[in-house]
Each structure stands twice: as C-alpha cells, then as structure tokens.
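Letters A, B and C mark the chains in the order given here, with residues in each chain numbered from 1 onward.
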Amino acid sequence: MMLLLAQVESQPFFRWDWVFRNLDDIWDRTVEHVMLTLIAVTVGFVISLGLSLVAIRWRRAYSPITWATGIMYTIPSLALFAFLLPITGLSVLTAEIGLVSYTLLILIRNIVAGVDGVPPDVLESATGMGYTARRRFLEIELPLALPVIIAGIRIASVTVIGLVTVTALIGFGGYGFFILRGLGLFYSSIGTTQIIVGTVLSVTLAVSVDLGLAATERALTPWARKKVPA
Amino acid sequence: MIEFLGEVAAWFTDPANWTGINGIPNRMWEHIQMSAAATTAAALVAIPPAVYLAHHRRGGVLAVASVNVARAVPSFAIVAVFLPISIRLGLGLGFWPTFLALFFLAVPPIFTNSYTGVAGVDPALTEAARGMGMTDGQVLRRIEVPVASPLIIAALRVATVQVIATATLAALVAWGGLGRYIIDGFATQDSVEVFAGGLLVAALALATDAVFSIVERRITPRGTGTAADDVTRVAA
Amino acid sequence: MIELSHVSKTYPGTIAPAVGDLSLAVPAGETVVLVGPSGCGKTTTLKMINRLIEPTSGTITVGGRNVFDIAAHDLRREIGYVIQQIGLFPHRTIADNIATVPRLLGWDKQRTTRRVAELTELVDLDEEMLPRYPAELSGGQRQRVGVARALAADPPVLLMDEPFGAVDPIVRARLQDELVDLQARLRKTIVLVTHDIDEAIKLGDRVAILDVGGVLEQYAPPADLLRDPANEFVADFLGSDRGIKRLSLIPVSSVELIDGPVLGQGASRDDAEAMMRRFEIDWVAVGGDGTLAGWLGRDDLAGRDDISGITLRPFRTRLDVTDSLKEALDAVISSHTAVAAVFERDRYVGMITTEAISREIVQ
C-alpha cells in the first residue's frame, strides 16, 4: 500500500500523452454521452408533455402524478438501475429507463407551471374571439409557456448529463467510463488523468448544452425581451 | 421474476446478512452516519453566510450561480475527483474522500436554498418589523429566520437525499455504506445482492425525504405559505 | 338584432340566480349599455350572448339565429369581443394580433393585410406600431388595438366588457369619444357593460339598468332615464345630480340665446353706462358683426369719454353651439360676467344665461 501511495507522489499530475493517444476513444464516448442524453430528454419530454396535458385537463391528477414522479426522483439512480437490472439486463433500455425517470418530475412541473402562467385575460380574449380549445393550446398557451418549459428542459438536460456518468457501472457511462476507469487506476497518474478528463468533459458538455438551450429560448421568444412602452 | 424476488427475500432473511461489518445494520448505520455528518458540516458552513448575505440583500448572483455551476458537475465525478486529492493530502482512501466529496456536494444547494428562503421573506413583514422598532438582529432572528425556516429545512431535505444517493457511489472509493452491496454485487455478478442493496438505499432515501417533509410541515409558522420545492441536483 | 328571452343563469351550488329571467332586445345599429351595481349580472349577461357563459334557461338570438344552433367558436368569430385588460397576445406582433379572427376564418394573406391597414387607420393607430409587440405599447394604444382586433372580421355585433376601465380618466374620455365617432361611422350593434353611469349615459343609445340578480329595472334612452326614472332604485343609481347629468346630453344650440350687452368699438361712455343700466350689470361686451373682442367693467370707464382706449378683458370660456349645457353651466358659473359667449365655429351668435339653462332642467 505504501509503495502504491509513494508512486502517486512521484508521477506528473496530468498526462496529456494519454489524452492524445485516446482521442478516438474520447470521441466514441462523447457520442455515447450525447446520444444517451438526447434520447433520455426527448423521451422524457414526450412522456412529461402527455402527463402534463392530463394534469392540466384534470387538476386532481396533478398531485398523484407529482407524487409518483417525485418518488422516482428521490430514489438514488444507482438503486433504480439495481431494480431494473434483473428485468431489462445490462442494456441501453435499463440506462434509458433510469435516466428518463429523473426528467419527469422537473419537466412536468415546468410544463404545468408554464401553462398556468399564461395571463388569464389572454386566454379569455382568445376564447372570446373564437379559438377552439385545441388551437388555443397549440397557438397561444404553449408558445407563451415556452420560456418556463425550456428552463425545465435545461435543468433536466444538465441533470441527465450528470447521471449518464453513473451508467458506467452498467456498461455505458459516456464520459463516466473514464471516471470509472480512472478510479480503478487511482494510484497512477493515468488514473487521475482519466478522472479529470471525464469530469471536465462532462462539465463542458453540460455547460454547452445549458447555454445552447438558453440561446434557443432567446431566439424563440423575441417578444419577451421588448419592454419599453412607446 | 417471482423466483428472483423470492431470492431477494431469502437474502433479507438470511441471518448472515445481518451480522458483521457487511451486515445490514452496520452498513445502514455507516451510511446514515456519513450522510448526517457531511450534511451537518455543510449546513454549518453554508447556512450562516447564506442567511447573513440574504438579510443584507447581497450576493444574490453568487447564490444563483453556485447552484447552476454545481449542477453541471456530476456527483460521480465529485466522488472520483476527491480520491486523488485525498491521497495527495495524505488522507488515504475510504472515509476522507467520501466525506469531502459529500460535503462539497451538499454546500451549494444548502447555500442557495437557504439564501432564497431568507431573501424571499415578504418585505412587508420586515418593513413592519423595522417600523415597530426592531433592531437589525431582531428582525433577522424573530422574523426572517422563522419565516424562512421551512425553506431551510427543505434545503436540508434536498441536500440530504442527494448525499445519501451519492454516498452509494462511495463504495467505489473503498468506503462502505449501503452502496457496498450494489457495487460488490456488480463485481461478483450477484444480481440478488445488487437488487437488495437497491432496496435498502431507496428505502433510506425515501424515509429520509418523508421525515424531513413532516418536519417541514410542522415548523411552518402558521399562516405562511407552502414550502419550497427547489430541486437542484438529482440523486446519483 | 340581439334578443334575450327569459334568460337566466344559476351557478351550480348557489340558490339565488346570477341572472334571473331577463328579457331584453338590442336594436340593430345601436349601442346598448348594461349598467348596475356589483352582482347585477351585467357581465354574466354579456358573456351569455357569445356563450362564454352558458345560460341555464331561456333563448338568445343574434341576427335572428339562435346562438345554440351553431358551434360556440363559430359564433364567437362573428362577434367582436373586447375586455378590460384587453388580452393582446404578447407573443404576436400588433399586426398579427389584429389579424387573429381573419386568420381563424381562413382569409387569404392579401385580404388580411389590407384589412389590418384599414383598421389601423380607422382606430387612429400609427402604422409604425404594426410590427411591434404589445409590451412596447402604452395602455391607450393597446386599447385601440383591442378594438381594431375585435372589428377585424367586420362582425355586425360588438361586445365590450368594461373596455375603458383600466386606463386613466383622460385617456378614458378620449377613447370614449373615439368610440362614439367610430360608432357614428360604422353603426355596429354594440352591447357594452360598465359600472360607471356617466359612461353609460355618454355612450349609450339605450341604457339598461340592472339590479342584483339580473333584474331589469329600466331600459330606455339616457335622456328618458334621466327625466323619468322608473323607481327609487333607478333614481338612486342615476345619482342626485340627475338634473345636471341631463344637461350633458343637451347641446347649447337647442337653447335660446340672448344678444347680450354688446357695444360697438366706437361707443361712448354714456352708451356703455346705459347698456349696463339696461341689463343691470356692471360690465359690457365689445364687438360687432359676428365677432367679440372682449369685455370691460364699470371701473375701466373711470375718467374716460369713450371706450376706445380701454384694454379689453377676454372672455374666459368660448362655447360652441355643439357643446353641452353641462359645459355651458360650468362656464357660466365660473365667470365674472355670469353669462358665457357662444360661437358657431368662429362666429359670435349670442350669450347663454343661467336662466336659459335652468329652464331646460325644469322642463
């Protein structure tokens, strides 16, 4: 043990040579990370949108829905994967089911809050002018709820990007793969390098996605920025 | 499936799993102890400055930024990063990297939500209090903190659950806790142990959440609104 | 044009109806104002016309058609609807907001654009506003957009629920005037709800005074209401200054004017004093040939032989023949001369006295 620790002291902290030798691997893991995230957030959004519509139409359903998704949210991801393993095995499905279940609470809350936040006079004038319920939802309520909804998507995305790393334990992981491997080699600088690479890339991806979504929101809602009365 | 659940039940009824270092009581206790220690330490460090800054209406940007930045760092990464750090600091494996990681994990949400709680106290209340002649300190102690206390408890609730969840990963840095069952189970391909571990961790997390919720509701001063539900980081 | 027949609305869980057995007919091309205290069901009644609230019983017809015979959203596309907070769509430009109903009806782009331009002019809105968003407009401008939007598909009927309640009194007065002008041009059938009796009198061709529960106390043109309130409730609601309110409906031109104590520019001091004695006043006006230069008081005559060198005082208010007697009364009361000069455009036509005004009230 002391020998191992002594080795750690003597090696350089970060091994750039490792990075350059493994660029292909890093790229593969990037693709894996992005794909897992994309699928999880998209599927999560579709499910959340459906459940939100139910909750909006039948207000009494909102409490049970948030209760159920809240439980899924509170259960640690590792535990959730542990439950899914005997059922769906070491597959992408296991990973995705786990990841998707963490997005539901956030997305449902934000979709419902966004729609609820539409001013009632806007809704009344829309109905009064002859909008059908369906068109009103698609043309008036959803677009006006967009800022809050996108805020939810941002949080969900960043959260999922973090959780994807945990899927390293069931054979995936994206950048988490490097973190896990780095842990196994903790006594060497290659180990620490991989931990750092995995971490930095994860954070970079999360920040980029967050900023990208923020920019998308700004582009989609030009009306939200104009404020000065003429 | 039924067969599998039967095996899991058998695991739970096997007395061997209830004794010794790797027994459920020990692992559960380890897990609870560590989570409590890390969260308490984080609370002691994060709550006072949060309350102080919020009272003086300073540092709002820091409050918002800290959670947003922290959310971008995966919990798994935080645990992993502290291993080499701990070693270089001469603190070794097991306890220290786990404790430090969980500590730094818990600080941002506790800080931000405590700040938001105090800053969000209805200004009409503080104005009225000052108008009645209360000193700054009195306003803080008698108005702001009590009114914000449900939100501070909520902050602790969210942070503790995250800590409990992340602690399950700490088995990877040679620590114990309930994550031991899951990680060891993965290594030995013992899906029963994995599942059982999952149940224990989930139970602990849900129970903790429930207890905190009850406390939240109890200490909500009568007449004030609902507690906050700010979720910042997901359980790892 | 619009007929309500034994319409009532009772909300589930309540015993007393919000509106109970109301029958009302709105003639085509007229503005009918529903007014009354809180709880009289005026807004409920209005909203039953376009089925935003469904009546519990009774029938409503618009243009001879039963409102229940067509789908609610189709009905509403043929009725203009303006509410107090307007409810402009924040995420759409002003042009798109105005074009809402035409789009719902499937008009082609060209026709829609032309109509939007027409309406912009009609409500006196600056073209520049069209590509802007509602958040960039002032309250008064938004109100105008709201009206334009309601008129976009040229509906025969317009429903307005406290449309001017959310703006300050100065803007409100201007918007009311603009509505009156608009109505003179378009002759739509308008049903307007307000809690302000003065607004009702100003805007309505007919006014329906409702009591709690949708009880119709009186339904008549404003002048009739003011002259002969049907009962104590109506009289109270009209206010104790009923007589003066009536004055706001009568133009100066319908009252007899006097020539007034007017002297020519070259009059002598004796002429002036004779005029003052004749009218029993201490001043004279100076002018002639349809113009009025001003007036002078007895003190101004001191030490002079004629009036030519005296600096004349201007009349504080000049009334036009189209002004109301209420404005005339205000002018007369606040002037030293106890009369007001009346002009038809720029031509002096006479003076109005308090006697003439009070004769109208008493009639």
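Keep in mind that, in the parts below, contacts are C-beta pairs under 8 Å (C-beta built on N, C-alpha and C of every residue); 3 or more make two chains touch, one makes a residue touch a chain.
Values in this document were obtained by computation on a predicted structure and should not be read as measured data.
*Asks:* Could you draw the chains as nodes, link the ones that touch, and say if you get a line, ring, star, complete or other?
*Replies:* Graph shape here is a line: each chain touches the next, no loop.
*Asks:* Counting C-beta pairs in contact, which comes out ahead: A-C or A-B?
*Replies:* Of the two interfaces, A-B and A-C, more C-beta pairs touch across A-B.
*Asks:* Go ahead and note the Å separation of the Cα centroids belonging to chain B and chain C.
*Replies:* From the centre of chain B to the centre of chain C is 65 Å.
*Asks:* Centre to centre, by mean C-alpha position, how many angstrom separate chain A and chain B?
*Replies:* 20
*Asks:* Cα centroid separation between chain A and chain C, in whole Å?
*Replies:* Going by mean C-alpha positions, chain A sits 58 Å from chain C.
*Asks:* Which residues does chain B have that touch at least 2 chains other than itself?
*Replies:* In chain B, nothing touches at least two other chains.
*Asks:* Of all residues in chain C, which touch chain A in the complex?
*Replies:* 50, 52, 73-78, 81, 83-92, 100-101, 104, 129, 132-138, 141, 146, 149-150, 159
*Asks:* Looking at the complex, which residues from chain A come into contact with chain B?
*Replies:* These residues of chain A touch chain B: 5, 8-9, 71, 73-83, 85-87, 102, 105-106, 109, 155, 158-159, 161-166, 168-170, 176, 179-180, 182-183, 186-187, 191-192, 195-196, 198-199, 202-203, 206-207, 210.
*Asks:* Going by the contact rule set out above, which residues of chain A touch chain C in the complex?
*Replies:* So the residues of chain A in touch with chain C come to 119, 121-132, 135, 140, 143-144, 221-224, 226-230.
*Asks:* Show me the residue ranges of chain B that touch chain A in the complex, using the header's touch definition.
*Replies:* Touching chain A: residues 1, 4, 68, 71-77, 80-81, 83-84, 87-88, 161, 164-166, 168-169, 172-173, 179, 182-183, 185-186, 191, 194-195, 197-199, 201-202, 205-206, 209, 229, 231, 233-236 of chain B.
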